[in-house]
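Two complexes, one shared chain (chain A), two partners (chain B, chain C).
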Partner chain A sequence: MEVDQERSSLFRHQRSLDQPLGSIITFLLPAVTVYLAFTAFPVIRTLFNSFHRVLPGKAALFIGWDNYISVFVKDDIFLRAVKNTITWACLSPVLEVSLALLLALALYAKIPGARFFRIAWFTPVLMSYVVVGIIWIWIYNYDWGAVNVLLRGLGLAEWVKAWLGNPKTALWSLIFVTTWMWTGFNMVVLLAALHSLPSEVLEAGELDNCGWFKKLWFIVIPMVRPTILNLLVLSFVGKMKVFDLVWITTKGGPLWATETVATYVYKRAFEWSTFDLGYASTVASIWFVIILSGVLLLTWLFRQREKLEY
Partner chain B sequence: MMKTKQLFISVTVIFCFAMTAVSFCLAADKTITLWSHWADHETKRAFVEGAAKTFEAKHPGVKVSIIWYEKTALYASLKTALRAGQAPDIFYAEPEQSEYMENNLLYDLSKGLKWSAIEDWAKEAWSYKGGVYGFPLEAWTVELYYNKKMLADLGVKLPPSGQLGQAAFLDLVKKTKAKGITPISLGAGDRPYPGAFLTHEAILKKLGLDDYDKLLKGKLSWSDPRVVSALNYVKQIVDAGAMPPSFSSLKLGESHFYFHTKPGSLMFLMGSFYPSRAFNPPDKGGQPPDFPLGIMQYPGLDNAACNDCKSITIGGSYVVNAASKEPALAIELLNTMVTPEMGNKWLETVLVQTGIKADPGKIKGPYAQYFRDLADASKGKKYYLDLPQGVLRGKAKEVFAQVVNQAFPAGLIGVDEVVKQMNASFKE
Partner chain C sequence: MSVAQRLKQVAFLILLSFYTAFVAGPLFWVTTMSLRTTTEIAHNPYALPETFHFEKFYKAWVNSNYNVYFTNSVIIVLSAVAILTLIGGMAGHCFARYRFRFRRFLYFMIFSTIIFPPQITIIALFQILVEYGLYNSRIGLILVYVAFQLPVTVYILESFFARIPSDLYDAARMDGYSEWSIFFKVSLPVALPALSTTVILNTILLWNEFLYAVVLIVDEAKRTLPLGIQQFMGDHLEDVGMIASGLMIAIVPVVIIYVFFSEKLIQGMTAGAVK
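Now for the complex of A and B:
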């Protein structure tokens, strides 16, 4: 009996040494507190608000699913914002990552001036969206913007447009800007991935008389696939939340051609002459679910079915 | 034991003195906080800061703490601060922000402010359910400025009233365009209202004050034949190439420069705050010193209900926070600005109209003639108090900004689409 008690005591002592509860709490508490205060609470509060009418100085009024019904049934601006954002979020990652891969391959192949190009292509991402927005407003300016000046210089005056002022071209013009801005970042990440590839595999491919395209398609891309997936997901999430660039350049116009869900949420929360945060919270909650689903779908689509061995 | 007792008594006495001194200091140093737009408007800042200094001199122990913002940042900060109960005693607002009144966030100024020194129409703009909630400092009308020399070169002479008829104005636009000159400088690149001037002034004239008010409040359909007729006229002007090709992206400041400097346009439909930019030195974006500036009337429309009607709006105003702990002092600070002398000072230095009763006749200096011209252009006019952006709410406001302010004057859509979109926007 005494032996059993001693063993039990020893076991408890050992467990307390393995899992020191006090230390665990001490180390986790700051991070958990920050997470709860600045991530979990705002998310839960936004969900709560989405079912209420929230006005200053008054208790939140429960309105059930009213806001959700309005968003899906009555709100055509929201639907346009969704269409624009999804177009942007589906197109941009593909453009950015594929262009970035080409640029990374060019640098990997050590083209002349590689060091210069690496810096030049990466520079746009170092600028804030505000600066980028202002620069591209100038570039797209109808009268003296570089694009129209170039077109006039090439004798293509009939192509001259108010690029950001025309509903047919505004969204594409902005997609071009984000592609210009983020391709360099993707390129640097892919370049790092390319440099970490085992040289034996590439050399083995060369011994097997693989051409450059086959080497790219059957060796390089499968091996950098996890990096590509991460970049696609990052780009997708970024474009699903795009706000700054649109706000600086077009504020969602003309005729909602560049309205995104993020700009629409801001307008509903702060610009529509109402203090009610409920409706904006509803849109934000719906969008949160959609982004989460999109990320899960992307991860599932690009999952690695077979583990690469080399 | 005795020593300990003495020490205890001494410490207690010192503590009591210290606490009394601290509380006395706290009581003496009251601070009135003010958050305002106009961070980059030097003359307006100087005007308000001057008033604050006068107030501080009259009220020893009271300080005024002013934080200057740009409008968008101010509005965002205020919405958060008001929700959290941390807003300042006084803040900048415009009458269109009726959400402040709807949510009981403003102090009723009807009894404290010196209303006898404020124009009635300006007071009216801030009236809401029996109370008056704002001090209307800045006011402006929608005016049609023009280049006198350019008009003379085109061989066109204005009638004594300064108002061309509907057909004559359209001819003038076509004639100007044929000469390779942009007829009207306007841009909707960064504001939700200037692009709509051309349209809402036409509709106002066609409908008259009452029906125009009904239209903006959703009580009159945009399919009304008079509205459609006004829209058709504006469409003719737009289709005649009246606007700069860069209309959609042209910013407010750029549209000023476009009119008076490069490339130059015949007319400029703009708020009468025009001088606050244009009367700066040319190297700061002002008009050339010898620029032949004139003011004409917006064209009179055929079968219009009120060709003498035009829009006036109260711009920058100050309101007192309903949760302020010192509302009387806050109102006293505002009253420092409410005198005829301050009204004249505002006109002379800021060069924009004001809701304070002022006398443009007393203004001296290089811009005295401008204010006399503006006063002449305003004689006998009837005003609709506010721009559509101030009256419309929710979706109608957003649709107006996108459709009437931007797409329609840019020639991107026709009259039917405007009518359809605006009618639909009021159904929600």
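Now for the complex of A and C:
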């Protein structure tokens, strides 16, 4: 009995050494406080807002599913924004990753100056979207932008247009910009994945005299598959949130051709003088649920148990 | 190396050089424009600078308020990064070192916010900051930035701390170190490479941040660089030369960091994407 007690107190002492609850709490407290105050609470409050009319200086008025019904039934601009964003989020990952894979393979073939190339390609993602946006406004400029200057120089003057001012080309022009920006990033990641592959496998493919495409399709892609899937999801999520670039270049125009859900939420909340934060919160909440389900669906499709980043 | 291989290599080299020119061209172009006057640019946008107009930077800095924007950006980014490193390090250390109830749950909750769109928090953050008098203040923006970058920071640091052999901690404990001195004298020094990765990564990402700043800051005197540039662009749409100089003021610090820490930065940006 006595021994038992002694042992249990000893054991308790041991436990408190392994799990010093006081220290654990103090270590976590600042991070958890910031998380609760500036992430968790705002998310909950936005969800709460979405069922209310929220006017400045007044208590939130409960209106049930009214906002949700208006968003889905009456709001054509929202549907347009969804269409644009989904187009962007589905096209970009494929463009970026496939282009990146081809270029990474070219670089993998022991090209001199590999280090320089890697560093150069990575630069665009380090720039602010504000910087990138302004540069590309100029590149797409009708009179003196590089694109039109090039087209005139090549004698293709009939193709010249105001790329961002034309509703038919604006969205594609912006998708082109994000591809310019992010392909290098994807390539650097893929290159790292390729370098971590055992070189014997690729050499074996060489010996078996596999064709170039066969080697790519049957050996390289399956082996870097996890990386490819991660990059696709990463790019998808990034484009579902895209705001800065659109805001700097077109503000969603012309005629809602480049409106994304993110810019629409911003407009409804802070630009249009409707003063009702509830409606914008509803749009944000719907989009939040769609992004989460999109990511879950993609991970489920890829049967990818690993954690997702960004 | 056979002739065929050599040829293939040259072909690849040409392809890659084209791509590099395509990537670097716009950045090079904006650099040349930042050193030329708007009149020169209007005459020929694609010429190289004949005389380097460095005085344009002085003009932007003093007459167009870029000194204010730059200082604000530096203050806000450095404070946020300092807080992030400390509290992110503490949390990462705690998640990696101790086994306690709700550990996985808490970690998952913080980590999962990595994929949240900022729109889900921004409207309520605006309300909350207004209610607590933190709207349109640097402190408010700093706190929001800390929350915004916390998941990535905790993720990178936790995975590094978890790889530190526990023998090291046991030895420190034998020597009578308290939990806090273990954190400061063992964990942090050993994790210096991971800490520097998060510091550099957070600095760059927050330096470039636009959405939270545009919603939460209104005063001219509190604007960060991206906001200041956007404002300047709106007011002086035609003054391409001066806008380009302003862009360079935002780009140069990033380029300097990148020159010295390129590998670190690539590591940080791609953390987790390679699996």
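Throughout what follows, the second predicted complex is superposed on the first by the 267 of 310 C-alpha atoms of A that agree within 3 Å, B and C clash if a C-alpha of one lies under 4 Å from a C-alpha of the other, contacts with A are read in each partner's own complex, and residues count from 1 in each chain.
Convention: a residue touches a chain if its C-beta (ideal position, glycine included) is under 8 Å from a C-beta of that chain, and two chains touch if they have at least 3 such contacts.
Owing to the predicted nature of the structure, the values given are computational and were not obtained by experimental measurement.
S.K.: So, does A:F270 touch the first partner chain B, the second partner chain C, both, or neither?
M.R.: The answer is both, since A:F270 touches chain B and chain C.
S.K.: With both complexes superposed on chain A, which partner does A:E158 reach: first (chain B), second (chain C), both or neither?
M.R.: neither
S.K.: Quick check on the superposed pair: does A:L55 touch chain B, chain C, both, or neither? Answer first, second, both or neither.
M.R.: first
S.K.: Considering only the touch criterion stated at the top, classify A:E200 as touching first (chain B), second (chain C), both, or neither.
M.R.: Once the two structures are laid over each other on A, A:E200 reaches no partner at all.
S.K.: Which partner chains sit in contact with A:L103 here, chain B, chain C, both or neither? Use first/second/both/neither.
M.R.: Only chain C is touched by A:L103; chain B is not.
S.K.: Please work out whether A:T39 is in contact with chain B alone, chain C alone, both, or neither, and reply first, second, both or neither.
M.R.: second
S.K.: Between chain B and chain C, pick out the one touching the greater number of residues of chain A.
M.R.: C
S.K.: Given the touch rule stated above, what does A:V125 touch, chain B (first), chain C (second), both, or neither?
M.R.: The answer is second: A:V125 touches chain C but not chain B.
S.K.: Need the overlap of the two footprints on chain A, from chain B and from chain C, as residue ranges.
M.R.: Of chain A, residues 270 contact chain B in one complex and chain C in the other.
S.K.: For a test of understanding, state which residues of chain C touch chain A in their complex under the given definition.
M.R.: 8-9, 12-13, 15-16, 19-20, 22-27, 29-30, 45-46, 86-88, 90-91, 93-94, 98-100, 106, 109-111, 113-128, 143-144, 146-148, 150, 152, 154-155, 173, 179-180, 183, 204, 207-211, 214-215, 225-226, 229-230, 233, 240, 243, 247, 250-251, 254, 258, 262, 265-266, 269-275
S.K.: Contact residues on chain A for chain B in the complex?
M.R.: It comes out as residues 55-58, 74, 77, 137, 140-143, 162, 164-167, 251-256, 267, 270-275.
S.K.: Sort out for me which residues of chain A touch chain C in the complex.
M.R.: Touching chain C from chain A are residues 17-21, 23-24, 27-28, 30-32, 34-35, 37-43, 45-46, 49, 54, 103, 106-107, 109-113, 117-131, 134-136, 138-139, 144, 146, 149, 180, 184-185, 188-189, 192-193, 196, 226-227, 230-231, 234, 237, 240-241, 243-244, 247-248, 261-262, 265-266, 269-270, 277, 280-281, 283-285, 287-288, 291-292, 295, 306-310.
S.K.: In the complex formed with chain A, which residues of chain B make contact?
M.R.: Its residues touching chain A are 75-76, 79, 82-83, 96-99, 103-105, 189-190, 244-249, 263, 393-395, 397-398, 401-403, 406-407, 410, 412-413, 428.
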